[in-house]
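Each of the next two complexes has chain A plus one more chain, namely chain B in the first and chain C in the second.
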Partner chain A sequence: MLSTRLASRRLAVPARRWKHTSSRPPLNSVTADDVAHFAKILPQNAILSTLPPSDLHASDIDQYNNDWMGKYHGNSTTVLRPQNTKQVSDIMKWCHERRIGVVPQGGNTGLVGGSVPILDELIINLGNMSKVRSFDPVSGALVADAGCILESLSEHIAPHNHIMPLDLGAKGSCQIGGNVATNAGGLRLLRYGSLHGTVLGLEVVLPDGTVLDNLTTIRKDNTGYDLKQLFIGAEGTLGIITGVSILTPPAPQASTNVILALPRFENVLPVFKTARLHLSEILSAFEFIDREAYDLAVKHGQGKALNEQDVEGAECFVLLETSGGKKEHDEEKLTGLLETLLEADEPLILTGVLSQSPTQFASMWRLREGITESVSKEGKAYKYDISIPLAAFKEVVDLTREHLRKQGLLHEEAVKQVIGYGHVGDGNLHLNVIAAAYTSEIQAALEPFVYELVASYNGSISAEHGLGAMKAHAIHYSKTGVAVDMMKKIKELFDPRGIMNPGKVLEF
Partner chain B sequence: MRPTAARLLNILVPVKRCVDYAVKIRVNPQQTGIDTNVKHSMNPFDEIAVEEAVRLRERLKDAVKSIKVVTIGPPKSAETLRTALAMGADSGIHVEIPDSAPSPEPLGVARVLEAIVKRQEGGVDLIIMGKQAIDDDLGQTGQMLAAILGASQATCASKLEVDVEKYVANVRTEIDGGAEELVCKLPAVITTDLRLNEPRYASLPNIMKAKKKPIEKLSASELGVDLTPVLETIKVTEPPKRVGGGKVENVDQLVAKLKEAGFTALST
Partner chain C sequence: MLSTRLASRRLAVPARRWKHTSSRPPLNSVTADDVAHFAKILPQNAILSTLPPSDLHASDIDQYNNDWMGKYHGNSTTVLRPQNTKQVSDIMKWCHERRIGVVPQGGNTGLVGGSVPILDELIINLGNMSKVRSFDPVSGALVADAGCILESLSEHIAPHNHIMPLDLGAKGSCQIGGNVATNAGGLRLLRYGSLHGTVLGLEVVLPDGTVLDNLTTIRKDNTGYDLKQLFIGAEGTLGIITGVSILTPPAPQASTNVILALPRFENVLPVFKTARLHLSEILSAFEFIDREAYDLAVKHGQGKALNEQDVEGAECFVLLETSGGKKEHDEEKLTGLLETLLEADEPLILTGVLSQSPTQFASMWRLREGITESVSKEGKAYKYDISIPLAAFKEVVDLTREHLRKQGLLHEEAVKQVIGYGHVGDGNLHLNVIAAAYTSEIQAALEPFVYELVASYNGSISAEHGLGAMKAHAIHYSKTGVAVDMMKKIKELFDPRGIMNPGKVLEF
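Take a look at the complex of A and B:
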């Protein structure tokens, strides 16, 4: 029994990752008996298992085993879809006792392989926990089940003139619990800050089933250690988030956006500085798109392109958004900025467009937000989500491309494109290497190359996507040994049996 | 409306400021209309009309002498004119009506446009306008205007070519189940359909230039037109809420439900 299980494990994992598993605590696979026990906790339709007596086929749970990019594949036999905190707690109690590894899963849009099993861990998908618990239109405090989809929360509070403090391309699928678990950054961070600031409280089921109820809506609370912070960005390795209390800002009464075409990358920094100076508090996003990323989004029909002749020779683009309380006031500021940029002796920009309607506003955002999707349509993506000094954005993309070229890997059958885009305002670059297929050769050419490159700028190898399964082994490029040791102690304290999302963030 | 001497085209494009297409419409509490305190933008069909005029100039070059845009609406409609100017029109006319005035009706608008056409030195050869405005969806103004002017008309255009030499417009129009090719003698009124083109973004340099382009302000009374509505709006309501379906366990229940709802089997 044990040996066949080992054999199936071996098949499931790429050899590279296998060598780290020596210190992994022994965990058990889900058995038919376990499923029978879960049936006492959950209704039948909340249990998807391929174990006998069920006649479900492995392909029926593919969507839970495979990640969004099609890069990471788990071999779980069982997916549970609890509807409330009590059920999650009862499931965890059982898994703790039985030493069954568990993967918490939200919208499964994570980009680092954190949301699918490495082996055959039990998947607990939060999609059925999708109720808004309360909303206070005065303070803006929103309390919701972790499984609420980000976009539906936005829609829920829109009539009250509030918006979610975060926004990202995956908004139609990702869940607030997943957002908190990954400490997602996204497109509004520049304006509203990170989830470490906007999350007011969390309800978490700990690995042994204990419910840690921290679901407060008060803004100030200096009573001891702020435990919720530990779960923000823990990627499901310390507990399952079941409820989130989050502060939502009032909806801006006027917002508009601009796409600027820049002749040279070197102009991004001066444009950014000028924009901050002119726009100050109304600047709500400043996104960078390099030429190849722009062309890719256009190619895949993401939003309407700018006039071709106008953008001839543009080396990169920036998308800038303003949000404020009064249209006339914002327009005046924006016009001032645009005039400065256009009428300088040596103009910093070639041209640009200013949205004239909500429809154009959305279309222009699509050009930026649609890049992630375009990349997946174009090929298989190696995604590096890094923090580096803004001035180095282009250098890093160019160096990576050159490196691949030297290795003979830059051609249609191997690496098709190397592109860069990201959140200038936060110093966060998305370096994407688009390949025809995932191969060990490309992998070896990229890692540790990219990590070492990032470390040479004292950057972070994961700005906002997390470490997941992809970068757990590379944590030391951005964190000291002392820090990693402290993290291990914290993990040990919360999860002594190592059942919570094993192999993610910290290696086994 | 008479042809210009050297057969250089003067194009007129009427544009309307509407509640934006992306905004969710809500009826006001008095049930007299809709909540207009929301985002507005140029009627999408008018945007297509402006785009088409600008493309005509790009193709015909100097043969297009002028592109003039006109709007009839409250003070804020000036923004809509600026957008059209930024897309490439040369000058604008704003027939201003007070914020409090009721929305003008197709016949009134057609009369204002007629008066404007008659005032244009050099005449107007081509009027390109939306087939309808997405706020009231009336879809009559173009036809009325053509009739009043005694000009040719082609509605719901999906393709437009102008033969300056022959002084005709070759138009493909959308009709039920297909398309129709029309040759219209100029002057003509063409109304636009969605497939005609995809409007451009206004570029920043053009937005800046547009600020300096002239806008003439007029009133309906100066033009000798009475915009008092002839239609009376009695009440505006939302469509009935869709009631969600129910689930039945088996065919018998389904049949019972259907019977309950008044459906009976066909007698054979």
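Take a look at the complex of A and C:
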């Protein structure tokens, strides 16, 4: 099977490069003079720099230079934390003039090295722009500074019985601007769709400092090209998002979740189909967790495990959520589903546990959401966030594990575990390879192996995390040459000097 | 009130121009030599031309030169009806080389003059590209030629229990490519969101003939800029859409609708709020029909009217649809809603009629969908398709009527009626001014009056129909100069010779 798959590889992609090369004039480093200029734009406490006359140490800005996984490390000397759009615009005008590379930074929870510098680019962190600008409880339109934390926004609209259309494990740290910049998917996409549908408008500071203000709250507007779409998922390479207008749905009146233990992976698809039939519009999440991922989350105390006997022999798990308008109706539907799943001659599930209280509801979600954290506690993770047909989820995990074993890399000192979990409803698998350390040997064993595997299914090498620094070189596995050329032309159009997040998304 | 509203007008927009002017070299007309070249690309029956040696008359291609409303008239000599993407590409290569202006045409049901030439541009009609390429009943991904009629696609997937995520009155003639090109909204947007969220991928022939193939069926793909978004709503000014991949939702297991007669317009908002509370996720349409629109539809035999006594004194109507997973549940919710609406001390509605059969269901929808047709039977319509706050729906209709009255234009020989209807759930009002004939006097009375009114609410002058030829000059009422400049740069990037649908969307 592996060989058949790989026989269909069509692409030769050059090995990954760790720096941004370009045909453009080189970018300039931030100097003490630049910092002096920034001091005219920003209050002193909004400037963190290790350049003289400051006495900050490199370690003081470590948290901005290093990513969440501890995998990507920048060498920036200077971090700016502007408080409003005007300041961002003034900073960008200067950087444009001076050809200084800039990394926009939100909560720095991105998983592809997009949010930290590759060399010593200036970091513009949006954390100080955290005001809600307006909320309309009738339409659900929320307008907020890009630096607002996702969870704070949820809390802000909760009293009005609205929820954010997206939710993800990093909600306590990630910012709405970062979510938009990465086109984050998350746990509610199945129900509320992607940010390309829910974002109503954006305010963006372009690389030359121009403010593109399209912060509309209207739901439908067909007057010309939908420019905002370009910034959704551009990972900060076309401009800095300073404001977001987003459509928030009314909170469901009732939510329940259930964990199902499945004897065999092959049952996932039939369970999914049956669930869709029984639950239709109230099915709001359908998450897949393989056995190794489940055990890992349990080991690290994420959520309450199911009864040990009950899950004996379970090959994988499904976490399923419903969100509906009437509790009794939803429960009736869910009970009907569970009966159908258990009743068959050869039941599709071993067991199913329905949450009985808000605490249990939260604890079941923690099991799923806690996987990312458990992985990072367990070791250093190579994370592949891919779109492939659901039927191939297990095969891809197994093939990757086998491949590493054959390379003699599957042992405690190299790769400890290969696990899979993800959003079944969206065809999105998180393949995580947990190693003792990041090494070039493992790296070379995994890439382009994984990318070629994904391409053989016509999949996407990045379903939701983006390309960042990690996969900029590998875009060809998922996009045609014509498409990449067109993207490069758009990048040149918006950012002719190449100062916006250099080396990310596209290679020049 | 009127004067306050208009006091806030901030924009001076030049009067509408009926031809495309440009700083670029002028475009060339199609010659007999060009037609001879096209004969090498296409079979003879795919070429309709009045140029020698053909003996076709101008009247033979009338249906392609004139729009659905009979308002916009082109003078093209030649219509091509290619059968596949390669042919479209070869045609475009030639037109690019020869600087021939091109109008992509779908079902020609557009309402803003975008689908017919302004002068004598070549018409490329997609009607011969009408094959379904693939359908995956698990994911719901449908891939089809751009020329497929919307209704045929619905029929194609119906046996698999899926529906198209959009529906509109023109479904029997409009094409999926035309829907995408106009970013059509329609009757299901409230439930399934806009095409920016449901279109998975596109195949587009760029102005120079290059094929941009991104016809993916995966739901999530964050590898670089989402180029397809630019073509959604570009109205054929950036390229010709030849293939569409779209996510189709599972068919609801049960659908019901109800018509509500409201004593006063002021009740629409409370009714909407109450409906959302009771029906939440099963509320799939909430359409507003004012009294004049209702009477007009009834007059033209569209759908069955409610009982005459029951609607006496009704100022407006609401058509509400539910689509859910379980009939009994949905009916229970709907009954609960009707009780609440009727029970209050001062009931919010006069009467509500629930459809009791599929025939009645269809007949109630016909009442709403039939308005567009009734309007065109009644006279010549000036159609304004605007996004404004729901609370202003009635005010805008009333102000427009008053304005026309003051100008002495509200009588049988000039403007017969001013009506309003639309998608309340999306904040989208269709303001229709029905005249005896299209005259420059009425035109001058309406524009920029209506646009200024919309701008005073920070609304959109085109919620879903697009700008086309009608509103290209008026884009500034809804977009900033910075945004328009950026759009123009994108147009230049994709179409440096300005051959794609010249004079539409943007003025040069």
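The rule is short, and it goes like this: the second predicted complex is superposed on the first by the 485 of 508 C-alpha atoms of A that agree within 3 Å, B and C clash if a C-alpha of one lies under 4 Å from a C-alpha of the other, contacts with A are read in each partner's own complex, and residues count from 1 in each chain.
Just so we're on the same page, a residue touches a chain if its C-beta (ideal position, glycine included) is under 8 Å from a C-beta of that chain, and two chains touch if they have at least 3 such contacts.
Only a predicted model underlies this, so the values are computations on that prediction, with no experimental measurement involved.
Here chain B and chain C are compared by how many residues of chain A each touches, and C touches more.
After overlaying the two complexes on the shared chain, residue contacts for A:Ser134 are found with neither chain B nor chain C. By the touch criterion stated above, A:Thr351 is placed in contact with chain B alone, chain C being left untouched. Shared-chain residue A:Leu306: touches chain B; no touch with chain C.
In the superposition on chain A, contact is made by A:Ala362 with chain B only, not with chain C.
On the chain C side of its complex with chain A, the touching residues are 138-139, 182-183, 185, 189, 193-194, 196-198, 210-214, 216, 218-227, 229-230, 232-234, 238, 250, 252-253, 269, 273, 276-282, 323-326, 329, 332-333, 387-388, 390, 423, 426-428, 458-467, 471, 475, 478-480, 482-484, 486-487, 489-491, 493, 505-506. Of all the residues in chain A, the ones that touch chain B in their complex are 258, 260, 304, 306-307, 310, 338-339, 342, 349, 351-360, 362, 364.
Residues of chain B touching chain A in their complex: 20-23, 39, 41-42, 44, 83, 86, 198, 200-205, 207-208.
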